[in-house]
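The following blocks contain the structures, represented as C-alpha cells.
Look for subunit A in each of the two complexes below; its partner is subunit B in the first and subunit C in the second.
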Partner chain A sequence: MLWFTGIICALVIVIGPVYLLLKYSVSDINSINTGGNPVPMWPYNPTLQAYVYLFSDSHFYQVLLNSVVISLFTIALGMILGIPASYVLGRYKLPGRKVLLLMIISVRLFPDIASVIPVVEFFIKIGMHQTYLGVILAHTLLALPYIIFIGAGAFESIPDDLEGQAIILGANRFQTFFKLLFPLAMPGLAAAAIYTFLLSWDEFIFSYFLMLGKQEIYTLTLYLNGIKYAEPQNLLAAISVCLSIPVIAFSFMVQKYMVAGISAGSVK
Partner chain B sequence: MKNRRICWEMIILSDFKRTLSIENVKQWFFKTWPIFPAMFYLMSFLVIVLFYLIGLSLNHPCSEINFPTFASFTELFKNEYFNSALINTTLFMILGTPLELITGLFLSFLIFRSFFMRGVIRSLFLIPLALPALVTAMLLFVLFDFPGGHINHIITGGYSWFPQVFDQPINWRGSKLFSMAIALFGKVWRDMPISMLILLAGINNIDPELFDAAKTMGASFRKRAVHVIMPLMIPSISVVLLLRSVEMWKEFIFPFVLAGRYHLLGTLIDFYYNEIGNSHMAATVSIIMVICIVFSTLILMKILELIQKLIVSR
Partner chain C sequence: MADVVIRSLFKKYGNHRVIENLNLEIHDGEFVTLLGPSGCGKTTLLRMIAGLEPIDNGELFINGKLYNHIPPQKRSLAMVFQSYALFPHMTVRKNICFGMKIKKLSKSEMDRKFEWVINLLRLKELENRLPREISGGQRQRVALARSLVLDPEVLLLDEPLSNLDAALRETASEELKRIHRQLGKTIIYVTHNQVEAMTMSERIALFRFGRIEQYDKPRVLYDSPATVFSAEFIGSPKMNFYEGEIEIRNNVAGIKTDLAFLKLDKEREKTIFSMPGRKILAGIRPQTVYYTGHLLRRRYTDTEVEILAELVENMGDRSLVVGRTEAGTLIRFIITREEKIDQDKRMKIFIDGRRIHVFDPITQLNIFR
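Here is the complex of A and B:
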C-alpha cells in the first residue's frame, strides 16, 4: 500500500506540471485572467487560439526557421568534423588514445556559463558576434565531443573480421570506410545527429550571450525568454509545447536507433 | 635485482625507440589524420577559453593597473553582489545535491522491482528530462505567478480540495528565499530522472541473493533497504552526489528565469557581462566558479571516501 501511494505521488509530481503546461496552452484567455478567481485546473473552454495566434505571426516563423537552420548547420558541421575523428578512435587501437580522448573532452570540462565569455569575446573580436555562423560554431563546440564519443562507440561495435574480409577482397581504406563501415555505423551516427539537433534546438546559454540584442536571429529559446513578461501565459505555454515536441519525439527516436544493432550476426 | 632492473629499462627503452621510429610515426599519422580537424577545432577553443579567461581575469578595466594583476579578484571579494551570489550558490549546492539524491533514491526504490507496467512508469518518470530546462523554468514561472498563479490559488484556499494555508498570495519571485526555493525545486524536478537512472543501475548491480538472504532471515523491506541495499549502493550514490554537486555550482537557467534579481554565480556572470558590461569581472567570476567546483569535488570525494571506510569498518 505504501509503495502504491509512493507511485501515485511520484506520478502526480512528475506528470502534474506537464499536464498544467498542456492545459495552459489550450486555455481560453478568459480562464487565465480570471479577475482573482481561481484558475480552473482543467482546460475550461479549451481552444487552440494560442497556437493559431502563434502560427499566424510571421516573426514566430522567422524564429522557428532560425532554430531549424542553426540546428541543421550544427549537425552538418559537427558530423563533418566528428565522423572522421570517431572512425579513427573507434577502429584503431592507437598509442596515446587516452590522451586524445582527454583532449577531446577537455574543453567541455569547463561549465558552459564559464566558457561562454571567452568565446563571445573572441567572436566579437573576429566579427562573428550576433551572427548565425557564430552560434553554429559555438553549438558545434558543445556537440562535437558527444558526436565523437557516440560515433566512436558505433564504429567500435562493428566486428574487425568484417573489415578484414573487405581488405582481403581488395577494398582500400576509403572503400572500406564508405561502403562498409559508414553504412554499418549509420544507426549510431544518426543517434549522434539527433542528439546534436536536440542540443542545438534547446541550447540557451551560448545562444543568449551570442545573440542578445539582435532579434532577427533569435532562436525559439531566446524568443520564449524574451517575451516571458509581456505575453499571456497561454502563449508562453504554447511556445513551450512547440519547443518541447521535437525534443520528446526525437528522444524516442534516439532510443530506437540506439537499440538497433544491424551488425549483429553479420560475420559468417 | 639490479640486473633485472637494467634489463627492464633496456626493454622499455628499445620499445620507446621502436615506437618513435620514423616509420611508426608515419604509420600513426596515416592512421590518425582524420582526427586532426576535430582536434584542431576543439583545441583552438580550449586555447581561446583559457587565454581569455586568464587574460581578462588578470586584467582590470582601470588602465593604470597593468597585467598581470589580481585587482579584479580583490575588487570582487569586496563586492556585496559577489559575496551574496557565492553564499547563495553554496547553499544551492548544499541543499540541492542531497535533494537530488533523495528524489533519485525515492524514484529508484519505487521501480527497481518488477511489477505490472513497470516500463511505462519508468518512461513516465523520465519525462522531466525530456523537457528543455527553459520550458521547465517557464512552466514554474507561470505556476508561481503573482498574484494569479496556480500555486497562489492553491495555498490561499482557491480550490475546495486543498486547505487554505495563507490569507494573501505570495510574491514568489519577489522574495529571495522563495525565488531561490522555486529555482531549486525546478532544478531538482528536472534532474531527478538522471539521479534515478544512475541509482537504478547501482541497484541492478546488487546480487539479488543478498537481498533474498536478508528476506529469508526475516528482515523487513525497510531493513533490507537500509542495511543491505544502501551500503552496496555507496558507489552509485557517490557518483550522483559528485555529478549533481557540479551541476548545482554551474546552474544558470533556473535562477536566471525564476530568481533574476537574486544572483547565483552563474547569473552573476550574466549580470556583469550583459548588464554592467564588465567582461573582466565576468571572467573573474567564471574562474572562481571553476575553482569552487574543483575544491568542492575534492572535498566531497574525501568525505565520501571517509564514509565508505566507516561503513566497511562497521
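Here is the complex of A and C:
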C-alpha cells in the first residue's frame, strides 16, 4: 500500500507540471484570469489560439530554425572533437589519463554565470559574438567535457580481447575503430548526443550574453525570455511546449542506439 | 603449416619477471600444450607469439623467419581467446567472415570457405544469429571457425574449453583433436587443466614461474617426471612423497623412509648401491600401490606395507584410500571398484618398486634422468 502511494506521489510530481503546462497552453483567457474564482482543472473553453498566434509570428519560425541549427551543429562539432578524444582516453593506457579526464570535467565545475563573462569577453575580442558560429562554439565548449567523459567510459568498457582479436584477424587501427570500437561505443555516444542536444536546446546564459541585441539569431530560450512578462500565460506555456517536444522526439529517435547490453555474448 | 622456435625469451612487467630465458621448439604440425598453474606466464607467451605483447629480449622464429618485429596483423597465425572475443554486434556469419573481408578475399572464395568451416564445425543454421543468442559451446566453435577460415600457419588456443561445462568440454576436446588430425596445423594450446593437456597434446611444456620445467610427450611426463614439481603437477590424485635416504640392507640397496624400506627395480638398485646415505625424496603414485586382497603375483621389487584404512572415498569407478601405518605415516592410493575395502580395516598393500620416482631433495631433480 505504501509502495502504491509512493508511485502515485511520484507520478503527481512528474506529470503535474507537464499537465499544468499543457493545460495553460490550451487555456482561454477566462480560465486564466478567473477574477478571484479558483483556476479550473481543465479550461472552460479549450482553445489553440496561443499556438495559432505563435505560428503566425514569422520571428518564431526564425527562432525555431535557429535553435535546431545551433543544436545540430553543436552535436556535430562536439562529436567530431569528442569521439577521437574519448577513444584515446578510453582505450590507451596513457600516463596521467585519470588526471586529464578529471581536468576536462572540472571545466564544468565553475557556475556558468561565472565563466560566461571571460568567455564572452574573449569571443567579442575575436569577433565571434552575435554569430551562429560563436553560439555553436560556446555550446560545444559546454558539452564537450560531458561528451568526452561519457565517451571515454563507453570506449573503456569494451573488452580488450575484442580489440586484440580484431588485430590478430588482420585489422589495422582504423578498421578496428570503425568496424568494432565505434559500433560498440554507440550506445554511450548516443547518450552523449542526447545530452548535447538537451544542453544546447535549453542553454540560456551563454546564448543570452553572446546574442543579446541580435534578434535574427535568437534561440527559443531567448525568445521565451523576450516575452516573459507578456499576458496571458497561455502564450508562454505554448512556447514551453514547443521547447519540450523536440527534446522528447530526439530522445526517442536516438534511443534505439542505446540498446542495453549490446556487448552481451561477446566474451564468455 | 610451420614450425615455431623460441630462443632465450625474456619478458618483464615492471620489476616482475614473467618469462625468463625461455627456449621452446615446436615442430611443423605438432599439437603442443603449455601447461601450468595460473600466473606462470603461459598466456603471456601465447600473446607474445601472437604479437599482442612486445618481446623484451630473445627471438621468435616461425618457419625460420624472425618474427620479433612483425606486427600482429601480418603474422599468419590465428588465436582463440579464453573469452572467445566474439564481436557482439555481428552475426555468426559476419564474425566468421571478418578476417576474410579485411584480407579482401573474393566473394566466391569467402562463401566457399564459409561453407567449408560451418560444415566442419557444425554451425549450420546459426549463421544469422548474434553471439548472445547462441550457447557457450557454439560460441567456442564460432571463435574457432573465425580463426580457421584464415588458414593460419599456427593456431593459438588460450584455454578454449575452460568456459564450458564438463560434458561439453569432452566433446569440444574431441572435436579439436579431430580438427588437428584433419588439418594438420601447428597448434599451441594453453591450459591449466592437466587432463586436457595429457589427452590432447603430442608434447607438453610444463611451466613454472615463467620457465619451462619439462618439455616432453605426455607419457614421458607421467612416467618419468624430471622434477618434483612435474611429479606433483601431473597425475591425479597427487603423488605421495616421502623423505628418506639410501640404505643397504642384506646386500640390497633401498630407500629408508618413514613409510617403509622401499625397494627399487634391479637396474636402479645397482645405481644407488654406490651411494649409501644419500638423501632422497621418493614419490609414489596412488595408482602404483596394490592391495593384497587383489590376487596379484608379487614381485621381488614390491615393498609390503601394513596400514589401517582411515578413509575410503568412493569416486564411482574407483576409490581413493587414505591409509596410515603404525608409525603414523600416511599413504594415498587407488583401488578399483571390484576391490572392496572397509573403513578402519587393517590390511597389507604393495608398492611397485619399478615405478617409484626418486628425486634429490635439494636440486629437486629426478636422479634417474
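The working rule: the second predicted complex is superposed on the first by the 224 of 268 C-alpha atoms of A that agree within 3 Å, B and C clash if a C-alpha of one lies under 4 Å from a C-alpha of the other, contacts with A are read in each partner's own complex, and residues count from 1 in each chain.
Rule of thumb we're sticking to: a contact is a pair of C-beta atoms (placed from the backbone, for glycine too) under 8 Å apart; a residue touches a chain by one contact, two chains touch by 3 or more.
The structure presented is a predicted model; accordingly, all values stated were derived computationally and were not measured.
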item	value
Partner chain(s) touched by A:T34 [first = subunit B, second = subunit C, both, neither]	first
First (subunit B), second (subunit C), both or neither touched by A:L102	neither
When both partners are placed on the shared chain, which of subunit B and subunit C touches more of subunit A	B
Which superposed partner A:L184 touches (first subunit B, second subunit C, both, neither)	second
First (subunit B), second (subunit C), both or neither touched by A:I8	neither
Touching partner for A:S115 - first (subunit B), second (subunit C), both, neither	first
Partner chain(s) touched by A:A166 [first = subunit B, second = subunit C, both, neither]	second
Partner chain in contact with A:L48 - subunit B first, subunit C second, else both or neither	neither
Subunit B/subunit C common contact set on subunit A	none
Subunit A partner contacts - residues on subunit C that touch it in the complex	47, 50-52, 72-73, 75, 77-79, 81-89, 98-99, 102-103, 130-134, 136, 139, 146, 150, 163
Subunit B - residues contacting subunit A, complex	19, 28, 31-32, 34-35, 37-39, 41-43, 45-46, 48-53, 56, 106-107, 110, 121, 124-125, 127-128, 130-136, 138-143, 145, 147-150, 153, 158-159, 189, 249-250, 252-253, 257, 266, 269-270, 273-274, 279, 282-283, 286-287, 289-290, 293
Subunit A residues within the subunit B interface of the complex	3, 6-7, 10-11, 13-15, 17-18, 20-21, 24, 32-34, 36-39, 41, 80-82, 84-85, 87-89, 92, 94-95, 100, 103-104, 106-107, 110-122, 140-141, 144-145, 148, 201-202, 204-205, 208-209, 212, 221, 224-225, 228, 233, 236-237, 240, 243-244, 247-248, 251
Touching residues on subunit A, where the partner in the complex is subunit C	159, 161-162, 164-172, 175, 179-180, 183-184, 261-268
